[in-house]
Every structure is written in structure tokens, then in C-alpha cells.
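Both complexes shown next keep chain A, but they swap its partner, so chain B is in the first and chain C is in the second.
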Partner chain A sequence: MRTAVAFSNVSRHFGAVRAVDGVDLEIAEGEFFAMLGPSGSGKTTCLRLIAGFEQPTSGHIEIFGETAEGVPPYRRSVNTVFQDYALFPHLSVADNVAYGPMIRGVAKAERLKAAEEALALVRLPGFGHRRPSQLSGGQRQRVALARALINKPKVLLLDEPLGALDLKLREHMQDELKVLQRTLGITFVFVTHDQGEALSMADRVAVFNHGRIVQIGSPEDIYQRPRTRFVADFVGSSNILPPDYTKAFGGGANWASLRPEAMRIVATEGAAMTGKITGLRYLGAGTRVTVETGVVPPTDERGAPLHEMAPLLVVQVPAGQPVPAEGELVGLVCAPADLHAMAER
Partner chain B sequence: MRSDRESRAPLGLKLAAAGGLLFLHVPILLIFVYAFTTEDRSYQWPPPGLTAKWLSVTWNRPDVWEALGLSVRVAAISTVIAIVLGTLCAAAVSRTRFFGREAVSLLVILPIALPGIITGIALRSAFSLADIPFSFWTIVLGHATFCVVVVYNNAVARFRRTSGSLIEASMDLGADGFQTFRHVVLPNIATALLAGGMLAFALSFDEVIVTTFTAGQQATLPIWMLEELVRPRQRPVTNVVAMVVVLVTFLPILAAYYLTRDGDRIAGAGK
Partner chain C sequence: MNFASNLSDALWRRPRLTLALMLAPPLLWLGIIYLGSLFALLAQSFFSIDEFSGLIRYEWTLKTYGELLRPANLDIILRTVSMAAAVTLASALIAFPIAYYAARYARGKWKALFYLGVMLPLWSSYLVKVYAWKLILAKEGILTWLFAKLHLTWLLDAWLALPLIGGNSLSVSYTGTFLVFVYVWLPYMILPTQAALERVPGSMLEASADLGGSPAQTFRHVLLPLALPGIIAGSIFTFSLTLGDYIIPQIIGSSRLFIGQAVYAHQGTAGNIPLAAAFTVVPIVIMGFYLWMAKRKGAFDAL
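Presenting the complex of A and B:
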């Protein structure tokens, strides 16, 4: 498999701000690749570096084996779906989609036919004569997609493509983008701050923080085996255990992540950890139970509490099993194999 | 019903509005009436009789045509200069960040805030210092100083409302800088430039103060009118010319108003 995009030690600094700081990255051809991170983590700058709107301060970028530095955006076989869609307001939908072919000098009849095909691909046939202002958010997004895809790019970049859509439409577009990517076989690189979106759509995910990649791997890797506390925290849904908690559950003296479904609620006697139930959330497939462990805080040899703020632990009780009541004191256990050790930062 | 009654303005307000409008426009109507009077030495009210002969008299006066031609040429060339410089300046101020950007923005607008007499004196001393003889071109330069401001203001407002990602999108789709300007930037700012250009033309067309300081022997139409007022010969001719000036300046301003009114929709920022 060929490499579509390769970053070697790429940095982009804006004055004293290190927006991107020594990133190494390889995206394979045909891959659906997500860049995940909080705002300001450098993921969008990475996307703009691939598109050519930014030039690296240092390091080297290759797109399909060719050096990208100094190549302007209009000479890269890369197209972008912008966060605000950036449809041209003075052109009809068809002329928007046909903009790329028009610039390349394709005859009018031919490029309008191609535009109609591209609109059919994104399931907007017959919308060509409308103005962008007459479309809904979801429709504009599809037009932006068609306008990029008509150029048959080798890499399609998507900047928070679903950010402006409402929840239901967003879930629908997630499936559609995925199908489109599989059908066309184009390399998709998309930026998002929504971990659910990244995990459900991408083949591989790179988690960004402070301009660096903290972890890169399959969605399963990122979710089940976060390498640092930041990843566990950002991807969410896992319990983050300080070293003494890990020890109490039968692991080593290190930070660990523990999935809610890996814990069981037992009687307080002989349990690895005890706590008070402070919240119950019914989810259909089970119940999420929040346990406040601070009731019986772990203490050091002299009896002083080890943590100012005792962590809340989340336990998932599968459907059909008894759920304790709120306020009840319970014990918690888990299999030590489910403790996933990780670095503090 | 209730809302109908409430939406009607009180009588006092109506009278005040009517009074204001009359105060503004009755003098202009008087000018129009005097253009048709039979009395040609003084402005006498009511006019002793009405005649349309001054229209043909004006038509046959070569000095009127000369002044009108000069004014149109000055206004046209000043407007062209203003459109080029004003657009470039607006693009620089709204598209890039550089040291002193706000100061440049303020300095460009300053000429319209300054009294015309100061602009006039300043230009006159500058021209004589540089030994530039007063001519057609010194009038054009004088007018360009305030015409640039009008175009700049219109263009900068439009640039601000045009999403910057449109330019990036165009580049992304394969258009180089020139193609992007032609296919994306220009269509988006065209109406703003047209409106700014029309306002600039109208401003230049009826300008007196700066012109008196920068003109040599030439008389633009407003200057010609000023000179006519002291010479009591065929007075209604001046009024006929005044009517033409009102029409020539009013129509572009009206057109500019309609052009920018619909442009309130923010280009490219909709979601």
C-alpha cells in the first residue's frame, strides 16, 4: 500500500506559539484517517499544511511521494471541504460544483454534466439551478463535498465537516461519508474534536494535544488502550485510576484506565474498593452507576487521605442484573487483566 | 385592529416629519421654478410669467457645455483612480495584518472628515511647492483625495462581510491568484465598487471648495454657476444647469443606495 501523506518531524510555529510541534505521520492510500483533539491542539493546522494554506516552519511533507513544500494549494491534487463550506454565494449550485473543471478549462456543457453527476453522488440531483443561500446546512455540506469530489482528488481533507449539523443529521452523514469513502477509495483525512465521530468513522485516529500527536492507532486501540491520561480523559468513558487505586484493584503502582463494563459491584466486605452510589443513568443496554469513592478514602501509613478529590468511578451494570439504589454503600472489583497501564502524560 | 391603531404615528410626529421634509426640499423646488421664469435679472416671487425658452438658451451656450464637459471628465477620471486605489487599500487593510494597519485605515478616511478648505489649501501649497502648474490634472488629484475614501469605505465593508475561506476554497479548487480575483473576489465586491464609484462621481461632480484651490483657468460646472450668480445676465440659465446637476448627482446616489441595500446578506458566512 502506498503512502498518501507523510509528515516527518513537521513543525509550524506562529511567533512563540507552537501550533504544530514535531509531528511524524504516515497516512496510507485509501485510508479514512481522523485527527482528533481539543481546539488549539494543532489538528487543523496539520490539515492546512496538507492543503498548502500553511507552510511548515521545519520538517518535511510528502504527498504521494512528492515534496509538498513550496507547492501552492492550486497545484496540489488535494481538495478540502471547509468547516463553513465556503460555497461561492454569487454562483448557482451547479456552477459551484463545476468551479474546479471551469478553472481547468473544461467546456461548459461537459462540466455541467459532470456537476450533475457529482450532485447525484451526494444525493442532491436536480439542485443545480439553486443558489447556496436557498439550501439547508446539510445540503450545503453535500454541495461542498460534491465540489471537492468532482476534481477526483487523491486526498480529500474535511475540516470539522459535521460540526455545524444537528445531531440526527450528523449521525446520518457519518454513515454516508463512510460509504462514500469506501465506494470512491479516496484517502479521507478529517479533523474533529468529537471523539465519537472519530472512533465511529475512521480506520485510524491520531490524538493531538499541544501540537503533538499523543497517540495514533485504530479506534479500538485508542478507546481500549489509551497511552496517556490525556487520551483516556479526552476519548472519555474510561475510568482513570491513580497509582494507589490501581494497586487497590490488584495492579501495579501506575496510572491505569479501566472500562466501566469491566467492573462489578459486590458486597463491601473483601472488595478492592468501596464507595457510595451518587448517580444512576439508564442507557437501555445497561445502567451507568456513578460511585463516589471518597467516602472511605485511601490513606497513607499515617492515616492522611491520599487524594483531595477522590475520583468518581463509573460502573456499567448490564441489563438484567440487579442495580443498587442511590446512596447505597457498595464494593467494587475487577479482573487485574482489565487494568490498562498508561503514562501520566 | 389594535395593532393597526398602534402602528399609526401620532399627529405631532407626522407634522414634524412633514415640516422637516418641506424644509429640506422646498428650496430645491424654488430653484426648479426659477428655471422657468420670464424675469431674467432678479429672482422675483411670484414669477411674473412662465417660459421654457431658457432650456434652449442654455443648450446654445458654449460655456455651459465646456464646464459640463470638464466636470464629467474630472469626475470620471477621479472615480477611476479612486476605484483602483480604494479597492487595493481596502484589500490590504481587511485581508492582511501588519504594523500600523489601524492607523492606515484612519488616515485613508481622514480627508473626508477634514474641512474641504483645509484639503484645498494643503493641496495648493503642495502643488506650488512642487512647481506643478494648476491644470486639469491638479483638479483630478484634488478630487481623488476624497473619492478614494468613499470607494474604500464601501469596499472595506464588503470585504469584511465576505468570508476569507472563499479565497482559500478557490485556490483549493485549482485557481491561481488572478483567476481567484476574477471569478470570486471581483463578483463579490462588484456592487460595492459600483456603489462607491457612483457616490465618488456624485461627490466630485458638485465639489466647489477643493476645486477653487486646485483649478487654474478651468471652471467646473459648480464653479461656473458660482461665477454666473454674480453676473446678472440670463439668470435662469443657472437654474436650468442647477436642475441638471441635481439630476446627475441624485440618480447615481439613488442607484448606489439600491445596489448596497440588498448586499446586507453576508456573503459566504451563511450556514
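Presenting the complex of A and C:
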């Protein structure tokens, strides 16, 4: 498989701000790649480096084996779906979509036909004569997608494309984007701060923080085996255990992540950890139980508590098994193999 | 309860009356002083002058308009409209890069400096500026001296030798009139253009580049169409102000008349008020047409 985009030790500094700081990454052809991170983590700057709107301060970027530094955006076979869609307000939807072919000098009849096909691809047939201002947010997003796809880019960049849509539409578009990417076989690079979106859509995810990639891997890797506390925290839904908790559960003296499904509720005697149940949430496939472990805070040799705030642990009890009542004191155990060790930072 | 609070309570209960009381003085001012005088002027243009006595005959006639269409007067109209068009075009060309810089790049201190630089000439007296330019453009003036220092006197002479736009010196040529017009009206073009450019999101230009548009293509297909309402708004100022001005061509330029000067001459020394009135109707009609066109292009959204 060919490499679509390769970064080697790429940095982009704005004055003293290191927006992107020594990033290495390789995106394979036909891959659905997500860049995930909080705002200001450098993911959008990385996308803009691929598009050509930014030039790296140092390092080397290749797009399909060709050096990208110094190549202006209009000479790259890469197209972008912008966060605000950036549709041209003075042009009709059809002329917006046909903008790329128009620039390349394709005859009017031919490019409008191509635009109609692209609009049909994003399921907006017959919308060509409208103005962008007459469309809903979801429709504009599709037009932006059609306008990029009509150029048959080698890489399609999507900058938080679903951010402005409401929840239901967003979920629907997630499925549609995924199908579109599979049918067209184009490399998609997708920037988002929504971990659910990244994990459900992408083949691989790069988690960004402070201009660096903290972890890169399959959604399963990122979710099940977060490499650092930051990743576990950002991706969410895993329990994050401080070193003494990890030790109590039978692991080493290091930070660890522990999935809610991996814990079992037992009697307090002989349990690895005890706590009081403070919340129950019925999810259908099971019940999420929140356990406040601070009731018996772990103490050091002199009896002083080790944590100011003992962590709340979330346990998933599978359907069909007895669920304890709220306020009950319970014990928790897990198989040491399920403890996933990770770096503090 | 004193009278004042009674009154404010009464007005509070009758918001329409309050609004009417508030708007009446300015509307009366606008209606009587402004529009009234304009219509009085319009009415004058439908009277005529008795050629022997020089007195105005108060009978409705189109005779004055017939006089207006004489070749000599048509020359004046053509000269003024051409000058206004040239000044507008040049202002737009000069204003665009300045407005673009201010809208896209200038931040904080530099933006304040931009506004100051554009507005500063507007704060000094119009006459002072025009006379200052007379000194700059005169035969013994700074510009002639500068051309000599740069060994470019031949260029200036060649320019002045051109028919129509040339002359004895810059200060008595159409070129001089043109330069001063552009200088004086330029701020009115820069500000609306800048306001329009400010409203074009950066992502719009990036999108064009992303779709393969070179900077020239992006300018032509995205930036210019989106800035056009602002440029048209600015051109309304430069065009109408040039059409009506009678001081600049009086002080700087050849002795050939512009519309404003013709009006001035006819209502003054010649005492031909009807023809003066007919002359003023010309820019009003031209501007009416221009504004109608501009409105269709959405120019008033940028004001």
C-alpha cells in the first residue's frame, strides 16, 4: 500500500507558540484517518499543512511521494471541506460545486453535468439552482463535500465537518461519510475533537496534545490501551487508576486504565478495593454502577490518606446479573491482565 | 406629581405620539428645506429666460432644456461625466490594495494608523488642500522640480505635450484636475471597499485556492465579486462628488467649464437661473440612474 501523506519531524511555530511540534506520521492510501485532540492541540494546523495553507517551520512533508513544502494549495491534488463550509455566497449551488472544473477550464455544459452528478452523490439532486443561503446546515455541508469530491482529490481533508450539525444529523452524516469513503476509496483525513466520532469512523486515530501526537493507532488500541493518562482521560469511559490503586488491584506501581466491563462487584471481605455505590445507570445491555472509593481512602504507612479526592470508579454489570442497591458498600476485583499500564504524561 | 412627570407618563402611554413628536422637526427640516429647495430648483428649469430683457418668464416650457442640449453645453456635460468616470476608476484602482491591506493584514496599532492616514486629509480644509495642490502642480512647483532632479523633465514635457490631457503646466491641465479630484475623494472609496473586504471570510479565499484557483483566479472569481458592492458604494461618492464639484476645476485645470462651474456662471453673472437649474438636473438624473443600478448590485448592503 502506498503512503498518501507522510510527516517527518514537522513543526509549525507561530512566534513563541509551537502549534505543531515535531510530528511524525504516515497515512496510507485509502485510509480513513482521524486527528483527535482538544482545541489548540495542533490537529487543525496539521490539516492546514497538508492542504498547503500553512508551511512547516521545519521538517518534511510528502504527499504521494512528492515534496509538499513550497507547493501552493492550488497545485496540490488535495481538497478540503472547511469547518464553516466556505461556500461562495455569490454563486449558485451548481456553480459552487463546479468551481474546481471551472478553474481548470472545463466547458460550462460539461462542468454543470459533473456538478449535478456530484450533488447526486451527496444526495442533493436538483439543488443546483439554489443559493447557499437557502440551504440548511446539513445541506451546505453536503454541498461543500460535493464541491471537494468533484475534483477527484487524492486526499480529502475534513476540518470538523460535522461540528455545526445537530446530534441526529451528525450521527447520520457519520455513517454516510464512512460509506462514501469506502465507495470512492479516497484517503480521508478527518479532524475532530469528538472522540466518539473519531473512534466510530476512522481506521486509525492520532491523538494530539500540545502540538504533538501522544498516541497513534486503531480505535480499539486508543480505547482499550491508552498509552498515557491524557489519552485515557480524553477518550473517556475507561477508569483511570493512580499507581496505588493499580497496586491494590494486583498490578504494578503505575498509572493504569481499566475498562468498566473488566471489573466485578463482590463482597467487601477480601476485595481489592471497597466503596459505596453512588449512582446506577441502566443502559439495556447492562447497568453502569458508580462506586465512590473514598469511603475507605487508601492510606500510607502513617495512616494519612493518599488522595485528596479518591477516584470514582465505573463498573459495568452485565444484564441478568444482580445489581446492588444505591448506598450499598461493595467490594471490587478485576483480573490483573485487564489493567493496562500507561504513562502519567 | 409635577407637570414634567405627568407629561412623561402621558407620553409613555402614547408611544406613537412620542415618536411623531421626535421625528417631526427633522422631517420638516428635510421636507421643506432640503426637498423643497430641490423641487423649487426643478421647477425653475421648466421656466425660460427672455433673451432681450434677461428676465425670467414664468411659463411652463421645455425651451431651457432645448438650450441645455446645445453642442457647447453637451460638451460640458460630457467633459464632467468623463472626468467623474476617470476619477472613479482611478480611485477604485488605488483604493483596492490599500483597503485589502487594511482588511486582511493590519491589526491593532497598524489598523489605527490606517484609519488615521485615510481620515486625516478629510479633517483639513478642502480649499487649503486644493491650493496646496496648485503649488505642487504649478510650473515652478515641487513636482516640476522633482522631475528635474530625477532627470525626467522630458517625461513631464512629453506628457504635457499630449493633446486634451496636456497643457502649459500640470496645474492648468486636465491631468492636474484629475489628480486633485482623485486625492480629495480617495478616502470615500477606501472606507466602503475596506468594509466590504472585511466581511469576506479568509476561508473563502482558502477554499478558492484549495479548489485550484491561482491568486489571480481567486481575485477574479471570488474576491472581486464579493468586494464589488463596497466598490460601487465608494464609487457613488467619488462619482457624484466629482459631478457636482465646481471649486477644483476652477482652481486647477484649463478654463473649460464643468457642470458645477456652468451652474455657478449661469446663476451668477449670466443671471440665467432656468439654465442653471436645468444643468443641476443633469447630475441628479445621472446619479438617480447610477443609484438604481447600484441598488440592483446590492451596493447599499455595504454602507
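Here is the rule we go by: the second predicted complex is superposed on the first by the 345 of 345 C-alpha atoms of A that agree within 3 Å, B and C clash if a C-alpha of one lies under 4 Å from a C-alpha of the other, contacts with A are read in each partner's own complex, and residues count from 1 in each chain.
Following the convention adopted for this analysis, contacts are C-beta pairs under 8 Å (C-beta built on N, C-alpha and C of every residue); 3 or more make two chains touch, one makes a residue touch a chain.
Treat the numbers as computed from the prediction; the structure is a model and nothing was measured.
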item: Clash-or-fit label for the pair chain B, chain C on chain A; value: clash
item: Chain B versus chain C as contact partner of A:105, first or second or both or neither; value: neither
item: First (chain B), second (chain C), both or neither touched by A:80; value: both
item: Touched partner set for A:270, first chain B, second chain C, both or neither; value: neither
item: Which superposed partner A:164 touches (first chain B, second chain C, both, neither); value: first
item: Larger contact residue set on chain A - chain B or chain C; value: B
item: Which of chain B and chain C A:322 touches, first, second, both or neither; value: neither
item: Which of chain B and chain C A:137 touches, first, second, both or neither; value: first
item: Touching partner for A:70 - first (chain B), second (chain C), both, neither; value: neither
item: Footprint overlap on chain A, comparing chain B with chain C; value: 51-53, 72-74, 78-80, 82-84, 86-90, 99-100, 102-104, 147-148, 151
item: Of all residues in chain B, those that touch chain A in their complex; value: 163, 165-166, 168-176, 179, 183-184, 187-188, 265, 267-271
item: Chain B-touching residues of chain A, taken from the complex the two chains share; value: 51-53, 72-75, 78-80, 82-90, 99-100, 102-104, 132-133, 137, 140, 147-148, 151, 164
item: Residue ranges of chain A in contact with chain C within the complex; value: 51-53, 72-74, 78-80, 82-84, 86-90, 99-100, 102-104, 147-148, 151
item: List of chain C residues in touch with chain A within their complex; value: 201, 203-204, 206-214, 217, 221-222, 225-226
